[in-house]
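The same chain A turns up in both complexes below, where it pairs with chain B and then with chain C.
Moving on to the complex of A and B:
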């Protein structure tokens, strides 16, 4: 068992000889004494759909606005397609942005909104008409060209905003919470549309979102931001299965975090004693740590087994009492209280329909997991 | 619940129902009553005088109705209106008023728009101070402020003294009793009425629209012309109306600052009433002015509401 998924050669970020399309180098943005973005360095490659994921105030929007040219970095440099963006105003950048509020011009029809960018470049009238018609067809809004933004539904406005941002065929499209204003069902549909459009046009997308599910579904890679810094950059699977620190593990999905002390560390295994978990934890790969070092063991709710019988193993299991059960159809979520007082969350797929004696409230159960189910976190 | 309890609960609900049904009427009715008493009634009085005949009497006009041989005779004298058209004085002073009001509105717009824009773009404390400065003149009497302009503009006033002292000019420039002084006075007086509605409009402008425009390749000037300006048209219209309409009837400024040949309709009205004691003609002048003003305003409002709907 290796600690990381094996690198696939066709991903540009895993290759040394592909030049990044966007280079962000030590960028800091201060508003007064507060650093909204703090010494961020990031490479993004051509054709990527990169998600900047973080809570409010994490600096993700500020970073996006610096790429668009609405904010100047206090320090550091931003390069797009080999060109330094310092002092390049927004109207001269090869980027377009889709705003969270859509920012459609209320006094213009859908057609005029979409054509706005082309008019600014003095594109010939006939070509504008053709390109606007093609773009409206791409976003499935043919026939809505004459309407004003206030005569459209939220989902239609979102697509007008997308069409307007794509019409100039930008090298880089910046999307600020593109699906934030849509309801859940529409959001799910639009997610896939967005990916299809991105793949069809081959434009590089940078998406800012606070919705981790959205980030997981959309992106080639995710950059998790917190307090103006990038905590981790990786593919969705990597971010979920191999979080780099406690913040990422906790922010993405749900996790049980056990604090522990290293009792044994070897090249191919580590043994941790955890008071929280009330047992020894055996990890079947080496971790760069020293004996007696304090660290954390992160275990996702779906990576554990629940059973009435004591498992036949020396470590990686504990005994607890079922405190709460939530039946959610496809799965059930359990909250199990350990002797240490810690409450562990655990989910189980409901594979059988007619379970005769399902585990129930106040029952004593055993929870176990495999030697590679959890992640050892040093920070 | 028992029968009696139900009946008891009916009574207070009736009053509430009455308010629900008639509350609207009450709320709209009060201002309507106000307008009826203080606008519509005087309007009809003026209208009545405008179609009556001049007489040396008190009040100086004849009644519209008379009783002769058992017949009630209603005499409508349209001669006053005819007189307005025949005597070129009235037509030319109407035209002068409209011209002065029009250009004053343009000047006020050109001055007021950038000021309103800066105020709308500034934040917090600065914005409040700037707004205060715009409204500060209202704390002094209008008449006093116009008199202050006499002190500034007259032959040995502030401007001429300063220019003579610096040696730019040898003899004072004549500014008082000119159209120039009238423009200065009117623009100065009505500038806040231009700035405030424009400010209210520009402050509402969503700045992400400007960012979106810039993002799509528009330089700042293009963004202003294609986004800010069209979206501020309601503010421009409101401000212009608030300057243009009172400026047409302005009496104080042209009287105090303007020359004898600056014949604005307000002054004509005044002299008709108080110097000639010709109330019917004066009323006809007022009625004609009202029609002249109300028609374009109504047309504009209609155009605006149609634009908003479409």
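Moving on to the complex of A and C:
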């Protein structure tokens, strides 16, 4: 379909001879007649920070809970480190989970919360003390051991929850919206801390989130979920630049979607006639499609140029009227109404500080883009 | 605005008078010197002294306390188990039926509960030979039956308020289900258990109707003794006894509600 970037990296998911650490095979989970997770298959490798990204009700949390052992799959199998997890209860799995609500034990001090998992494994007292102290230092909470959870701030609670989930050195850590309850600034700081900790300990992380920015920053790979199915799995860049279908293109970032009909298709280019865009679209690579086939062309707002002059090209541009401009400091966002009635979103970096005659409301402008700026979507 | 304020206060006072004037007059007359219940003869605590010399009342009080303690404790265990089954074990067959039935003893007329239990005990005695005699055991069984319903309702509401993920978190960290119950669930619902026990204790202590049906010779509870004494005419020592009971029950209810309220505040 589209040419993907394939640098010669030694990522395990690009290699054929690395065994996946977690194998999810045709897993379905039904609640009554509704399938929350619908025939999902997924491989995750050791040391990954894998994000399950999706809206509410997409099944991402249910999938996570099945990995933790809180839910049994209706069908399919889950394998962790070569071991089949069917009928293995949560308390015997080599996984630990960090809950969205943190789920700290309210009647226990921070120390006892963190030590709880070690006590259950009958670890020697001296070792428990040492490991708890080390762990609290890792999450920068030394000196808070005696406090109760209700005497901590939201960010501190989050770190206690992380420490408690990591203390047993699980093979796999499951994180359910780990940063969801933090405010924006704290969230950004914590994102990087989380990645640092993951890299230090080398634990495999699976993170559930609805926040695409978070998924982009954190993960090695993202699995986009919708209606209980995985729509696409890929590295953040791949998901953003080469979305596999309209849902993914629309869910990650913002996008202008033009419906079109194929007029010419060759091995090295495609020409599409779009009523929405009111122009011909030329794509400089081959697409597996037939003439007169209906398809979609997805164009990100930052991949277009705006100007007053008619561009010197036959295709890939249209004329429109500026309906709205939002100045956002680093960039400006334009809403441009085309003759077809469609409104296109476009962003432009504010490179110059004092433009003499900036484009303004109600002005007629031309929007153009290069032959490889957009993505052709069949589904 | 001023007028409504006055009206509101008036109605409030009226309500309080309506509810508590009879009790207040009883408390006041328990300190009456005179033998005649309706004539004030000066302040005295002599009826409290008389009370302590009455062996019939003392033994009835002792029986009542034993029954209340035993049945409240059994009801606590059974009621808590019922609540756990209802809240934590997902949907099972007949769950809705159990959920509805558990509250039935709360609304069932006591006369019917008492009568049906009496019939049950009589039939059991003739078929199984147990209970061979009605008395302490049968009253405990009867009280446990209806107290358990109250316990189940209180604990159920607390359990469904509880954040289930802290139980899951304990399980996730390697605690088996029984361990999770004692480490996590029990400490969390403890205040509700205390107040449920106190409520059950109080309910058992002041039950007259059911106890009258299922008691036997030598096992008259305190309310039964009071009732039979009053039939011979109200004597001032009954006032004193009633005052003590009001005090005890009032204290129990206050402790129970305070605990529940404090926990609700904490939950917020």
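Some observations on this one:
Keep this in mind: the second predicted complex is superposed on the first by the 375 of 379 C-alpha atoms of A that agree within 3 Å, B and C clash if a C-alpha of one lies under 4 Å from a C-alpha of the other, contacts with A are read in each partner's own complex, and residues count from 1 in each chain.
Everything below uses one rule, namely that a contact is a pair of C-beta atoms (placed from the backbone, for glycine too) under 8 Å apart; a residue touches a chain by one contact, two chains touch by 3 or more.
None of the values given here were measured: they were computed from a predicted structure.
The superposition on chain A brings chain B into a clash with chain C. Of the two partner chains, neither chain B nor chain C is touched by A:325. By the touch criterion stated above, A:116 is placed in contact with chain B and with chain C alike. Residue contacts after overlaying the shared chain place A:101 against chain B and chain C alike. Look at A:186: by the touch rule set out above, it reaches neither chain B nor chain C.
When both structures are laid over each other on chain A, chain C collides with chain B only at 150-158; the other stretches in 6-14, 24-32, 150-158 or 294-302 stay clear. Of the residues of chain A, those at positions 68-70, 89-92, 95-97, 99, 101, 103-107, 116-117, 120-121, 164-165, 168 touch chain B in one of the two structures and chain C in the other. Interface of chain B with chain A (complex): residues 206, 208-209, 211-219, 222, 226-227, 230-231.
Residues of chain A that touch chain C in their complex: 68-70, 89-92, 95-97, 99-101, 103-107, 116-117, 120-121, 164-165, 168.
Only residues 163, 165-166, 168-176, 179, 183-184, 187-188 of chain C touch chain A when the two sit together in their complex. By the touch rule above, chain A contacts chain B in their complex via residues 68-70, 89-93, 95-97, 99, 101, 103-107, 116-117, 120-121, 164-165, 168.
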